[in-house]
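So, here come the structures, one by one.
Next come two complexes built around chain A: one with chain B, the other with chain C.
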Partner chain A sequence: MKNVIPVSFLTYREGLKHKVVLLTTICALSLMTGSVLISGFFMRDISKIILDFCLSITNIGGLLIPFFLAITLLAGDIEKRTIVTILARNISRTEYLFGKYLGISMLTATVMLIFLAATLLAILGGNFLYSNIYFKGFSISAVVQSVILSYLGISILNAAVVLWCSITTTSFLATLLTIATYLTGQSIDNIVRFVESPPAGIEISTSISKTVQIIQYIFPNLAAFDHKLSAAHGALIPFSEFAMLSCYAFVYIIATLTLSTILFIRRDL
Partner chain B sequence: MLPNTPIQFEHVFKTYSIDIHNKSTALIDLSFSVKQGEVFGIIGPNGAGKSTALNILLGFVFLDKGSVTIAGKRPNSTSCNLEVGYLAENPCLYRNLTLTEHLRFAGTVAGYSSVASRKRIEELLFQVDLAHVANKKIRHFSKGMTQRAALAYALFHKPKILILDEPMSGLDPVGRKMVIDIICDYNKAGNTVLFCSHILTDVQRICDRIGIMNKGKMDQILNSIDITDEKNLETIFIQTVSR
Partner chain C sequence: MIRTIILIVFFFIMSVVNISLVNPVKQIQGKYIQESYTRIGILPTSLLQAICLEFQGVVADLLFLKTLTFMGYKIDQNTSPEPEDWQSIYNVLDKITDLDPSFLDPYVFAEMILTWQAGMTEQVDNLLHKATIGRPNDYRPHFYLGFNAFYFRNLASEAAPHLRKASVLPDAPKYLAGLASRMSLYGSQTVLGILFLEELIAETYDPLTKQQLKTRLDALKQIYLLEQAVNQYKTETGVFPKNLTDLVDRHYIERIPSDPYGGEFVILSGGKIYTTSNLLPQGKKN
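Entry: the complex of A and B
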């Protein structure tokens, strides 16, 4: 696995030169500056409004990586056959997939770090423009924790991108499957709760209940990584929950990448 | 040390699935071998199976039946790729990266130190005459420049076997001569070259042996000395493929 690092840096360098990264960063920074000014129109909870706005943008900015850049860098590699540039060297397909994943994760981390810095600057700006009273409940640890959890959720989605790109032949199909994974991941928790305790008068058939249970174990629970609201209120989530979510993300990513590798090493390019 | 026949195809079959019911046969009982230190050219009409054969050899595509060895190993083993350099028909370099970045990557994976890598990069840039655009992104390159850049990338680790798929396509006469000279110099150093081309004059000029592929089979293998003015390669080729 010694070639994972060179492949990841190649992917990272290529991704950084993409206009998507530059444009999303400029857009996000402008929106964050705007959030400081807009929050002034509200009479209270200014810090919560700035934080909620900025953390949402951070999350959306991070999501652009799996939806646009990761698919371009991976499925595009197979479609345009740039993959042969790498695989014709002494690099195995496993090293290729893990290297690509690591490179994409580094890109996501870079974009989210820029957004995190912009969020903190927006808070500083808000603090400077408006009264200190509004920022008493602000907790930098809660913000960092929320961004880390968002990053873990997006990393799971990046792993899903690797899986879909390793079994499909077009970037369009990979994009559709990634969107499906994201939507399922965001809503599966609510669906499970609905199926387990349906409102009075609604009956859920056993087959639907079983299907939902199966989907719950296959698709990632991405909603669990959304802690923007608690960060906006300055509340840290307990360490045990944070550790549990980190382990869940780690296990899910490894399992997805392993499955991707098993499928990818068997396919014709 | 490479075996006497560094490239060997034995009774190779390959079919592709078009859809659930239909399959397309790409290779039927393909057998041939390339000897150590020779330049072996493969020619054939479109759809003859040349690219499929190369893709199998490089481990990009899996065969259905038969056996293939390259540098004495099965394709797709990473250790055998250290002995192999490959230039694709449409060179597939990363458009947003520079040639230097590509070559530096090639050096890193081949285990070169940064000093050795820099020296080799300078050598190659001079050889393919691209030193003036070394730090330009590949997307600003012309087709011919990309082809030469990809050749430099393929030759970085001084492979013992060079596999070229249409290496002269898109090159102007000066570029073609440059590539031919590089291939000839490379072969003179005792290395093996396997290459596919549609340009019969180039094949005739540099190959020791020429294989004519048609409909997934190797129809005929010629020694370059068998080709004369009366019985030239074009005549033999047309006769073979129209059989």
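Entry: the complex of A and C
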């Protein structure tokens, strides 16, 4: 696995060359400035409003990586056949996939760190423009914890991108599957709870119930990583829950990357 | 070169046309504001939560902003919201607080507007009960519940437990501790109303809202001044004054104060002070 790090840095550098990172950062920073101004339209929950907007933008910024850049970097290699040149340099397919994943994760971390810094700047700006009485509930630990959890959720989606790129032949299909994974991951928890205890008068067929039960073990529960709302109100989640979610993300990523490797090493390039 | 100039001129013309179309488009959109706003309120909460994905907080913020815009639109049109408009506002506030039960602004908005202007204390109390769960360490939901019971329904026994609960929560104003027991001594709800509005003004940032609250506070202070004069008149003469000029004639007050809402103060039987404006802005009705 000695080639994983060089591949990851190569991917990272290649990602930075795309203007996408720069442009999304500029857009996000502008939107965050806007959030400070918008928060003035509200009566008293100014800190919550700024954080709602900034944390959502941070998340959207992070999501741009798996939805667009990661697919360009991974599926682009396969479509343009540059993967053949890379693999000819004594780099195994496993090293290639893990390296690509690490590079994409580093890109996501970079983008989200910039957004986190902008969020803190927005809070400072809000504090300066309005009064600190509206920022009593602000907790930097809760904000950082929320961004870390969002990052873990997006990292799972990055692993899904690697999986879809390793089995599909076009970037378009990989994008569609990634979007489907995201939507399923965000709503599976609600659907499972609905099926488990349907409202009075609604009958759920056994086959649908079983299908939903199976799907929850296949797709990631991405909604569990969303703690933006509690962070906006300055509330931290307990460390045990944070550790459990981190553990879930780590295990899911490893499992997805392993499956990707199994499928990718059998693929005819 | 000529092509570039033609393109620049064409772009300039299109920009001017675009600018001239902004207001007509705004007017068309204005026609549908009410319809789209009403539709949000009837969406089932579970569906709304599912649509919002992981952005429930920011959607709640935007819906609240839409509520403020809707109210602004009504003011802009110089019309007072109709009962169905108030119901739509309540429905949307209910959805907002389902998405984010800890969001304080919708509760404060409901308390400031729906109770005073629409008389929807029962519905506002429903929202406030949600707030007591969503904001367990905040004294305000209990304070507002107590205030509604005492000020709008004149039920001191119902108000007292809420005010006692509010008084032991963090950052509760010191006067709340004794308020529950002193309520019956005030003889009218005006003092509590003044305290309530002063608390709201101290914590409100929005200048327009602050101004509206100050107007209401000013009106309540005038009523309190008149109530004190009436009580003094009754103590000294044994009867209530027939009208406010009696208070001026006997030098209990220098002049009859003016109602900031444009109404007129009158004395009801039993010495109670009433204003013809009913503490509502005197806009042109539909």
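Please note the rule applied: the second predicted complex is superposed on the first by the 269 of 269 C-alpha atoms of A that agree within 3 Å, B and C clash if a C-alpha of one lies under 4 Å from a C-alpha of the other, contacts with A are read in each partner's own complex, and residues count from 1 in each chain.
In the analysis below, a contact is a pair of C-beta atoms (placed from the backbone, for glycine too) under 8 Å apart; a residue touches a chain by one contact, two chains touch by 3 or more.
In this text the structure is predicted, and so the values were computed from the model without any measurement.
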(request) Evaluate whether chain B and chain C can sit on chain A together after superposition, giving fit or clash. (result) fit
(request) For A:P6, select first, second, both or neither according to whether it touches chain B, chain C, the two together, or no partner. (result) first
(request) Would you sort A:K80 into first (chain B), second (chain C), both or neither based on which partner it touches? (result) first
(message) Quick one: is A:K17 in contact with chain B, with chain C, with both, or with neither? Answer first, second, both or neither.
(response) first
(message) Contact-wise, after the overlay, does A:R89 reach chain B, chain C, both or neither (first, second, both, neither)?
(response) first
(request) Using the superposition described at the top, determine whether chain B or chain C touches more residues of chain A. (result) C
(message) Contact-wise, after the overlay, does A:S131 reach chain B, chain C, both or neither (first, second, both, neither)?
(response) second
(message) Touch test for A:D189: chain B only (first), chain C only (second), both, or neither?
(response) neither
(message) Nearest approach of chain B to chain C by C-alpha atoms in the superposition, in Å, rounded to an integer.
(response) 27
(message) By the touch definition above, which chain A residues appear in both interfaces, chain B in one complex and chain C in the other?
(response) none
(request) Would you mind writing out the residues of chain A in touch with chain B in their complex? (result) 3, 6, 10, 13-14, 17-18, 80-85, 87-92, 95, 266, 268-269
(request) Please name which positions on chain C make contact with chain A in the complex. (result) 46, 49-50, 53-58, 60-61, 64-65, 68, 100, 102-105, 108-109, 203-206, 209
(message) Considering only the defined contacts, which chain A positions touch chain C in the complex?
(response) 38, 40-46, 48-49, 51-53, 55-56, 59, 130-131, 133-134, 183, 186-187, 190, 194, 222-223, 226, 228-229, 232-233
(message) Under the definition above, what is the set of chain B residues touching chain A in their complex?
(response) 16, 55, 58-62, 78-79, 81-82, 84-86, 88, 90, 92-94, 96-97, 101-102, 105-106, 108-110, 137, 150, 153-154, 157
